[in-house]
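The same chain A turns up in both complexes below, where it pairs with chain B and then with chain C.
Presenting the complex of A and B:
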């Protein structure tokens, strides 16, 4: 889901920055509304961004290959509205340090991961209704939020690439490309969902405060 | 992997002395102009411009090639899909496979943009320390919250890399295996522990920063005013970028 430089037209890149700017503005507004001094949350959000950045470099073996975690869903669950700026920051470092996703595509990639992260945040917030200390609802909502985040991110990326890159692909090839990309992400979605559920249960036991952004 | 990134640092080259804000604007103009190039006739000039910019640094070519490896996988997928499935004019038929003209040209265009943009981005980030670059972005209008998050995150990435390495080594010594899908539980617990420890650390960091006056005053982050040389280099970049954009938009 990290689209590199040079693949998509510049109009998409500019549109991505505009959309990411709007989403960042919305997130900062929500953060300001919730916290009297938003700067209080910066060290926590930054440290957690760094943790997510590191975790995304860890590969989980799925024989015969291995996958690296995206963690957009888990970021939404733990960081709440800070998730979008945190993803923007994380993607910036991934782009400039490892060329993992392009710098001109930073806005596009931030939307592809950040909007699903906020959706995961919304899904996980339902735990307020189902029981914020109960293990099963937390695990299920953590799994669901993360799975939906990966699936939505993959769907948006596939649609964007197919709709804007090649001018001469016929409809059947386009459908096959979108289906193939989605199918390839289903195992990743399940793995991320399980991983998120495990982390949520761990945090619920050890430091439930860390999940309070979702309430 | 992080060690390789940590080597990003300004060396003794023509671009490391360029005032950071001006360099940022100039090279980003070039990058977005490259992203706008579509016509095949402009591609050689674009690649030459990118390589000439890279030549101004003291960096070896192997360093640039190493930066292409990760995104190159995506490009490889494009190299298969586009020439074989995109277009109607068949250039070469090899059994059931057909190499198509339109797809091949689209791939060449993408590959040239990809190479040129990554080359200039590498120049920008390899000749400027990250904190300097973030301060320059802040002085150009980046929201303070984002600027602070960038600096803090950068500060902690390397420390957390060491923490993660230590935690995985400790788990391995206790008998954990990271070679199968079952390792997901161990990885989740290590990750959860890192989150909890980072949360505690963040509380201490915030307290220490508040004591040192964080948030009370805004520090003037501009380092120095751009000199005539900086402005001339910026003008060269903007002119080149303008040539690419105008030629692409109006003459091709």
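Presenting the complex of A and C:
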């Protein structure tokens, strides 16, 4: 779901930057409101940005396609409102270093991963109702949030791509290819869901405060 | 051979024609010329190394970025061949696209030939080093803010 340069029209790129700017502003405002010292969350956000940055290099073969880890759900679950700026920074480095997603598409890509991350965060917050310290709700909500984040991100990317196929291309071929790639993201969502659940259970055991801070 | 016999032969052949339509079609003159030319080979793969088999390839001639000059599909190995028109020197554009993944490559074609380009394929070691550099930066940032907070 990293969209490279030259695939989407310029208007979409501009809209993506505008939306990403708004989301960043909203996230920073929420961080300022909810944390007495916003700097406290930065070490955690910084380390997870590094994990997010490297995750896209991990390719997972889902025959016939090959997908890579996204970890947007994990970012949302563990970081909360810090997730959007963290994803923005991670995507910037991916674009500059590995040409993974275009720089002009940075805004679009940030929305494609950052907004599902915030959705994963709000799903994971339901643990407040189901039992914050018990293992099962934490694991299940971590899994669900992460799965939904991957699925939603892939779906939004697919819709954007299919809606803007240039006239000179064979739209049906492109649609079939996008559908195939979209299907490959379902097992990826399961893998990331399990991974997020494992991370959540681990943090719950060794450092439950790290999960609490995001609330 | 006198005229009458040749005429008979022609008439006989004319009668045979409808009976053997396939052979008649094959008897049409065909002229095959083989000329070696400088072609362009496009090899497209995902950065994970898998070939972009079946990717749509569009070639744009210089000065006409809106109208495709050639349209085709890459083969199983993600390869695609075409011969740019030497009469149209300038920057040719090749766009490869599949499932929202894609790349635009520019080729310089002039009277003397075609200047090839290679994608920025990074080696595994380069990738690991770059990832480690960014990771180290992130750890440094984390340590810095942890210290300030304490």
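Here is the rule we use: the second predicted complex is superposed on the first by the 184 of 215 C-alpha atoms of A that agree within 3 Å, B and C clash if a C-alpha of one lies under 4 Å from a C-alpha of the other, contacts with A are read in each partner's own complex, and residues count from 1 in each chain.
What we mean here is this: a contact is a pair of C-beta atoms (placed from the backbone, for glycine too) under 8 Å apart; a residue touches a chain by one contact, two chains touch by 3 or more.
On a predicted model such as this, the values are computed, not experimentally measured, just so you know.
A.B. asks: Tell me the contact category for A:194 with respect to chain B and chain C: first, second, both or neither.
C.D. replies: A:194 contacts chain B only, not chain C.
A.B. asks: Output check: A:43 vs chain B and chain C. Expected answer is one of first, second, both, neither. What do you get?
C.D. replies: both
A.B. asks: Looking at A:178, would you say it contacts chain B, chain C, both, or neither? Reply first, second, both or neither.
C.D. replies: So A:178 only meets chain C here.
A.B. asks: Looking at A:68, would you say it contacts chain B, chain C, both, or neither? Reply first, second, both or neither.
C.D. replies: second
A.B. asks: Answer with first, second, both or neither: which of chain B and chain C does A:157 touch in the superposed model?
C.D. replies: The second partner, chain C, only.
A.B. asks: Residues of chain A touched: more by chain B or chain C?
C.D. replies: B
A.B. asks: Who does A:100 touch here: chain B (first), chain C (second), both, or neither?
C.D. replies: both
A.B. asks: What residues on chain A does chain C touch that chain B touches too?
C.D. replies: 3-7, 37, 39-40, 42-44, 46-47, 49-50, 53-54, 57, 93, 97-100, 168-169, 173, 177
A.B. asks: Quick check on the complex: what are the chain C residues that touch chain A?
C.D. replies: Counting only chain C, the residues touching chain A are 46-48, 50, 54, 56, 58, 67-68, 71, 73, 95, 97-104, 120, 122, 127, 130-131, 134-135, 137-139, 141-143, 145-146, 148-149.
A.B. asks: Under the definition above, what is the set of chain A residues touching chain C in their complex?
C.D. replies: Where chain A meets chain C, its residues are 3-7, 37, 39-40, 42-44, 46-47, 49-50, 53-54, 57, 59, 66, 68, 93, 97-100, 157-158, 160-161, 168-170, 173-174, 177-178, 180-181.
A.B. asks: Help me check something: in the complex, which residues belonging to chain B touch chain A?
C.D. replies: That would be residues 1-2, 5, 8, 31-32, 34-36, 38, 67-68, 70-71, 74-75, 78, 81-82, 85-88, 100, 102-103, 106, 110-118, 121-122, 125, 130, 143-146, 148-157, 159-161, 164, 178-181, 183-185, 187-189, 191-196, 198-199, 201-203, 205-206, 209, 214-215 of chain B.
A.B. asks: How about chain A: which of its residues touch chain B in the complex?
C.D. replies: 2-7, 9-10, 13-14, 24, 28, 31, 37-40, 42-51, 53-55, 57-58, 60-63, 78, 85-86, 88-90, 92-93, 95-104, 165-169, 173, 177, 191, 194-195, 198-199, 202-203, 206-207, 209-210
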